[in-house]
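A, B, C and D are the chain letters, set down in written order, and residue numbers restart from 1 in every chain.
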Amino acid sequence: MEMIESIKPLLAVLISVVVVVPLIIISRRPNTREAWTFVAAVGKFILVASMLPVILDGSEITCTVASVLPGLDIAFRVDAFGMLFALVSSSLWIVTSVYSIGYMRGLDEHSQARYFSFFALSLSATIGVAFSANLLTLYLFYEMLSFATYPLVTHHQDIEARRSGRKYLLYIVGSSIALVLPAMIITWQLTGTLTFSPAGILGGQASPAVVTMLLFFFLYGFAKAGLMPFHSWLPAAMVAPTPVSALLHAVAVVKVGVFCILRVLTGVFGIKLLADLNLGTVVAVLASITIITSSLIAMSQDGLKRRLAFSTISQLSYIILGAAILSPKSMTGGMVHIAMHAFGKITLFFCAGAIFVATGKKYISEMAGIGKQMPITMTAFFIGALSVIGLPPCGGIISKWNIAVGTLETHQAGFLVVLLVSSILNAAYFLPIVYKAFFCGPEETLFPDKIKEAPLWCVVPLVVTAVLSILMFIFPQPFLTLAKLSVGTLFINP
Amino acid sequence: MTQHLPAIIIVVPLLSALLVAVFGWIKKTICFVIALPAMGIVFLSSIVLFYKVITENQPIIYFLGGWSPPVGIAYNIDHLSSLVLVLISGVTLAHLIATRQTVIEEFTNKVSAFYTLYILFVTGLMGIVATGDAFNLYVLLEIASITGYAMIGMNSGRAYLACFNYIIIGTIGACLYLLGVGYIYLVTGSLNMLDIASILPGLVDSKVVPAAFIICMVGLMVKMGLFPLHGWLPNAYTYAPSSVSTLMAPLTTKVMIYVMVRVALYVFTPVLSFSVIKPGNGFTWIAVAAIIMGSLMALSQQNIKKMLSYIVIAEVGYMVGGLWLGNRMGITGAILHIVNDAVMTLCIFLAVVSFSSYKKRDKLSDFQGAFKEMPVTAAVFCVAAISIIGVPPTCGFFSKWYLISGGLAAGHYAFVAALLFSSLINMVLFFRIIEIAYFEPFSDHHGKKHHVKIAEASPGLLIPLIIVACMLIILGLYTDELVTHVISHAIPAEIV
Amino acid sequence: MNEIASFIIAKYNYWIYIVLMMIGLYAMIVKNNLVKKIIGMNIFQTAIILFYVSIGTKRGATIPIIYHGHGDGSHAVHATDYINPLPHVLMLTAIVVSVATLGVALAIALKVYRRYNTLEEDEIFTQIRRK
Amino acid sequence: MKKLGLIIVLICGSLMLYGTIDFPDWADPSSPASTHLSPYFIETAMHDTAVPNIVTAVLADYRGYDTMFETTVIFAAGLACFFLLRRFQRRAPDVNLFRHMPTGITLRIKKGGKVPVDSSEFERIDSIWVPYDLIIKTTCRLLIPFILLFALYVIAHGHHSPGGGFQGGVILGAGIILYAISHNLRAAKARIKERFDAYMCSAGVFIYVGTGVLCLLMGANFLDYSALAPLLGTDPIMARSHGILIVEIGVGIAVMAVMICLYYNLSSAGRQDEGL
């Protein structure tokens, strides 16, 4: 495997930090300001995409920024898995920027300059996590993301926002300081390094008890992954403006949590160690509990965004489950699910936002017959729901299929049942919404039979993501290849 | 002239203090004009000294009066002291520039006396750090203390009583240190630190040495405000004039911890401190108590300065605990935290001063709307808060990293737990303020545009504030250099 | 018994300084009146000065001023003839410091008095609490 | 509180008593304190500095740096007192007392009243005034010159007998304070004005520091008086002796001025109008 030294990862991270300066300076002129956001988003995507060919060749790109502690650097390393995640988030940022403009202007929100600045910062942190070469860098950007998203979550600055912001920080920063930080330092003390390696660094360095303890510290410390019982910040964070929920709480923030857990499982513990100590099953059981429980909770939620949030919690655990089964197939499925779920779920959130902008409705019970007023939005919603449930012709099926095959390969059919049950549950809480929106009787409908969509800025992005969800069923290769590449390095010596 | 730099860092401020005292009678504004270049020279000289020590990799020893030790007094500027010298002079310079306006407001017709005391205070601290003589240290300690008492007592209201308690308790502390030095003198006959360090290991059986050690340490603990002996600190810092507490909070306790490190490692030598007398475990437990109690007390405060004072008490626990873990990691963490905590404390106290520059903001509830009115100060405040919480890449994270590593290496899990606990409490503390400043006063959010007039502090205060905030991140990123080139040389080789 | 007595007598200077110091400490902790606290502080400092000066003494020696006549440069000086000068030097400094501290402490006490019209600590506290 | 204090004191005391077990006996000539450094001072001080009083030699030369800061401490204390207490107020006191000296009649003049101008016949007296002070005044007037003269002797003869800058300075200050007590604060302030006193404080310390800086400029280490030999026209050893005298004078001035400053401010609670 070839290592290429390049400054590109650093640039990809920094571009959206740098753009904050003009954003603040010209905060009075909205058009120029949003042009800058666009420049940053597109620039970031181009930078990330330009590294794709190299990665697909099987090489890796490295970049050491600074040496902060003896033997411990702030360094970037772009591998296939990181690339996959960076590609998803940077491409979705472009779409979300468009959507943000429509949403924020449509509702005439306050402090838009602050909103776009912190959005840019959050994306920097996300890409930073994706490209981290070691645990310290990962932790740095993880915390940066926590603080950068706080003003976004609490954008409304009212009492409810404050309460949610409190919960958000307490769970996310609290768990990372209390659990990840000591776990990281213990790892460093045991091994003398924090650099991720495909074979893991803890193997043979620590007693099983310590390894198990560290595993739990990391698993629950990265609370952004929403593993129960550290999940309740996510529904609370839904007070944020919808674009924030869409990109951050369906893609960036929560996926960062899952990404971190996957990175730690593969890069710090290593597949072999987990398999030897049978820890994969433990993680898989924990993930399964989360999957089923949160699906059940989702069914009882009336707030559309809250239902989506619980759905997200359950879907995140799919990814962890995929990794924890410890078979190449399911690992691939887990990684690809990051992408598939991202496109599907962001569509759903965009739809929720579009409904709110157009009609001001937040609750599912108020949405009977809305398909007549907003056919495009609700069609997109249907596609997104299909993707999340895991039905063709949408991308979600590909990842779920892979995970399912993995469970059979390793003779852990119990988890297959979990997958099937949860898929049924997914269908049970998504499809009635769609059904009621389109097929309710005329006496039930709450909306006039007249097409009135949300502003174009809002509708175009959700159409784009819905179309992408379908395309990814047909052309899953980019993500699938990346995931396979990554898994290939991990399972070299199983 | 460079060989005389150790004298210059003391003589220049001393002379400038006298000039301020004389010319300040004639013209008030001249005080700052004299003080600024003097502190500038001190800062530059300290940097040159620091550079020399690092490049030559050996301590600079300066014979005052031309008498070689142990007969005369010598300045012993090694890696540790040159680092702290740069820290003190840098912090002072930033503080001097930042508080120019505040001083004129707070001490209308006593500006000259204030600046004289101010410079003498800093001279005392510089001397404490530079000196290689145990008794000379006491004299300089008293200079710093007496000027400190005077500056604290200058506020109206409860400051008098706070200051009176500080005098009584501070004097006990200094006297105990003096007594400890007397004990050492009794058994060694010497006052020079290097000389004492060469004699003491031969006296391991004597009961006087542990007695001297304990007395010295208790004296220093009183002076630094370690938990059960911290009574004077919160009131003194809270009720002092803000231009004084912003200087004393970053420097006094940190310099006292420096003295503790110096006495433990270079007077009593690591052999005695960590193997023969072995107070380490007990002291670390005291530090654990300090961290927890400091954090909890901070949580119950409504006055911002008092809250910050209790955080200072908790931070003292960090450093003392790190030192007495007795391993290289912990001591590195303690020394690193001296530097980082001084800058962090300066930054957060200056930010509070800046917040109060138009409207008096003492209570937490006074911070309503502060973020809208003063966005730059708010940003700096957040950076400082994040550093105190201990989030990378700010410097607070890296010293905490070393302290936790040291705690784990020593197997002192309670200390590690206390550090993490205090980080979490700090997060609660600061986000409580940030919430008030950011959310309140509440309004209906949708569509309503807030038009709050931006009323930032003067550039004279703001620019040093921003520089200090940047330093928090720069220090964090250069931790590696600092540790490998400076701190690792500052710790005696026999400590592993 | 005899041994203990001789032990006590041989080190009597230390017992005295400790007793004195504890009196000072007691006054500082317990006394209610600020001036009494200051007096306690002074006793405390004096005890330490006494300790230092007492360790400078030497049996059969005189004060450290060398006996000499004019033009008598060859006079040999024996260290055993003169007491140790160093503690005296140090204590000159310590005395000055204690005077300085005393001055500042009195100034602060005066300010306290001017504000609260009393020097009793408990009365001051009740005044503070009343506000 | 009392019991707690007693317990603390007893614990501290017993710990300290325990610590003294290994102490050398009283006046033991072979204790480390008497054998390590002090023989060097005793045997070579005369040779090094030509000062027979070893305490002076050690104080102002070997450990001259300590002494410089000692002077600074005193300076800082005076300044601190001034800083804390001094109240500049232009407002005149409510009631002034004036005495017509030939007759001894006291006039009580309220604020805004007409103040007697002829100062040769009237003098202002303090509101808390001790009726008759002729004996005290006269005795002090006779004593003070001798006190001051003795103080100068103590400073100058510090090389050969117990004495030196601190002792002499305190006696000098005591002379002035005696004058202030026997007359009143305004009389003393008429002789030594506040500003002049402040300058003296600074000047005293400045003499000390300046001597050190002069040594620095002559190329030697700070406070190495032997470098002053070319300026003083003597050999380096005598230069040390003279250097010690110079700094002792500086100390004397500073201590005197600070004593006066402390008295002025403490006795009048910072108003410097009526004392005690």
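One rule holds for everything that comes next: a residue touches a chain if its C-beta (ideal position, glycine included) is under 8 Å from a C-beta of that chain, and two chains touch if they have at least 3 such contacts.
In this text, all values refer to a predicted model and were calculated from it rather than measured experimentally.
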More contacts between chains, B-D or A-B | B-D
Chain with the smallest distance from its CA centroid to the overall CA centroid?
-> B
Centre to centre, by mean C-alpha position, how many angstrom separate chain A and chain B?
-> 43
Chain B to chain D: how many Å between their CA centres?
-> 32
Where the centres are mean C-alpha positions, what is the separation of chain A from chain D, in Å?
-> 75
Quick one: report the Å distance separating chain B from chain C, using the average Cα coordinate of each chain.
-> 29
Multi-chain contact sites of chain A, meaning residues that touch two or more partners | none
Of all residues in chain D, which are in touch with two or more distinct other chains?
-> 16, 20, 23-24, 31, 33-34, 37-38, 41, 63, 66, 70, 73, 76-77, 80-81, 84
Give the residues of chain B that touch two or more other chains, as numbers and ranges in rising order.
-> 135, 139, 142, 146, 149-150, 153, 185-186, 191
Which of line, ring, star, complete and other names the graph you get from chains that touch?
-> other
Touch relationships between chains, expressed as pairs = A-B, B-C, B-D, C-D
Chain B residues touching chain A in their complex are 386, 389-393, 398, 400-401, 404-405, 408-409, 416, 420, 423-424, 427-428, 431, 435, 438-439, 442-450, 476-480, 483-484
Once bound in the complex, which stretches of chain D touch chain B?
-> 15-16, 18-24, 31-38, 40-41, 61-66, 69-70, 72-73, 75-77, 79-84, 86, 88, 195, 198-199, 201-202, 205-206, 209, 212-213, 216, 220-226
Of all residues in chain B, which touch chain D in the complex?
-> 4, 7, 11, 14-15, 18, 21-22, 25, 62-67, 70-73, 109-110, 113-114, 116-117, 120, 123, 127, 133, 135-136, 139-140, 142-143, 146-147, 149-151, 153-154, 183, 185-191, 199, 206-208, 210-212, 214-215
Please give the residue numbers of chain C that touch chain D in the complex, ascending.
-> 10-15, 18-19, 21-22, 25-26, 29-30, 54-61, 63-68, 77-82, 84-90, 92-93, 96-97, 99-101, 103-104, 106-108, 110-111, 114
In their complex, what parts of chain C are in touch with chain B?
-> 25, 28, 34, 37-38, 41, 44-45, 48, 51-52, 55, 86-87, 90, 93-94, 97, 100-101, 104-105, 107-109, 111-112, 115, 124, 128
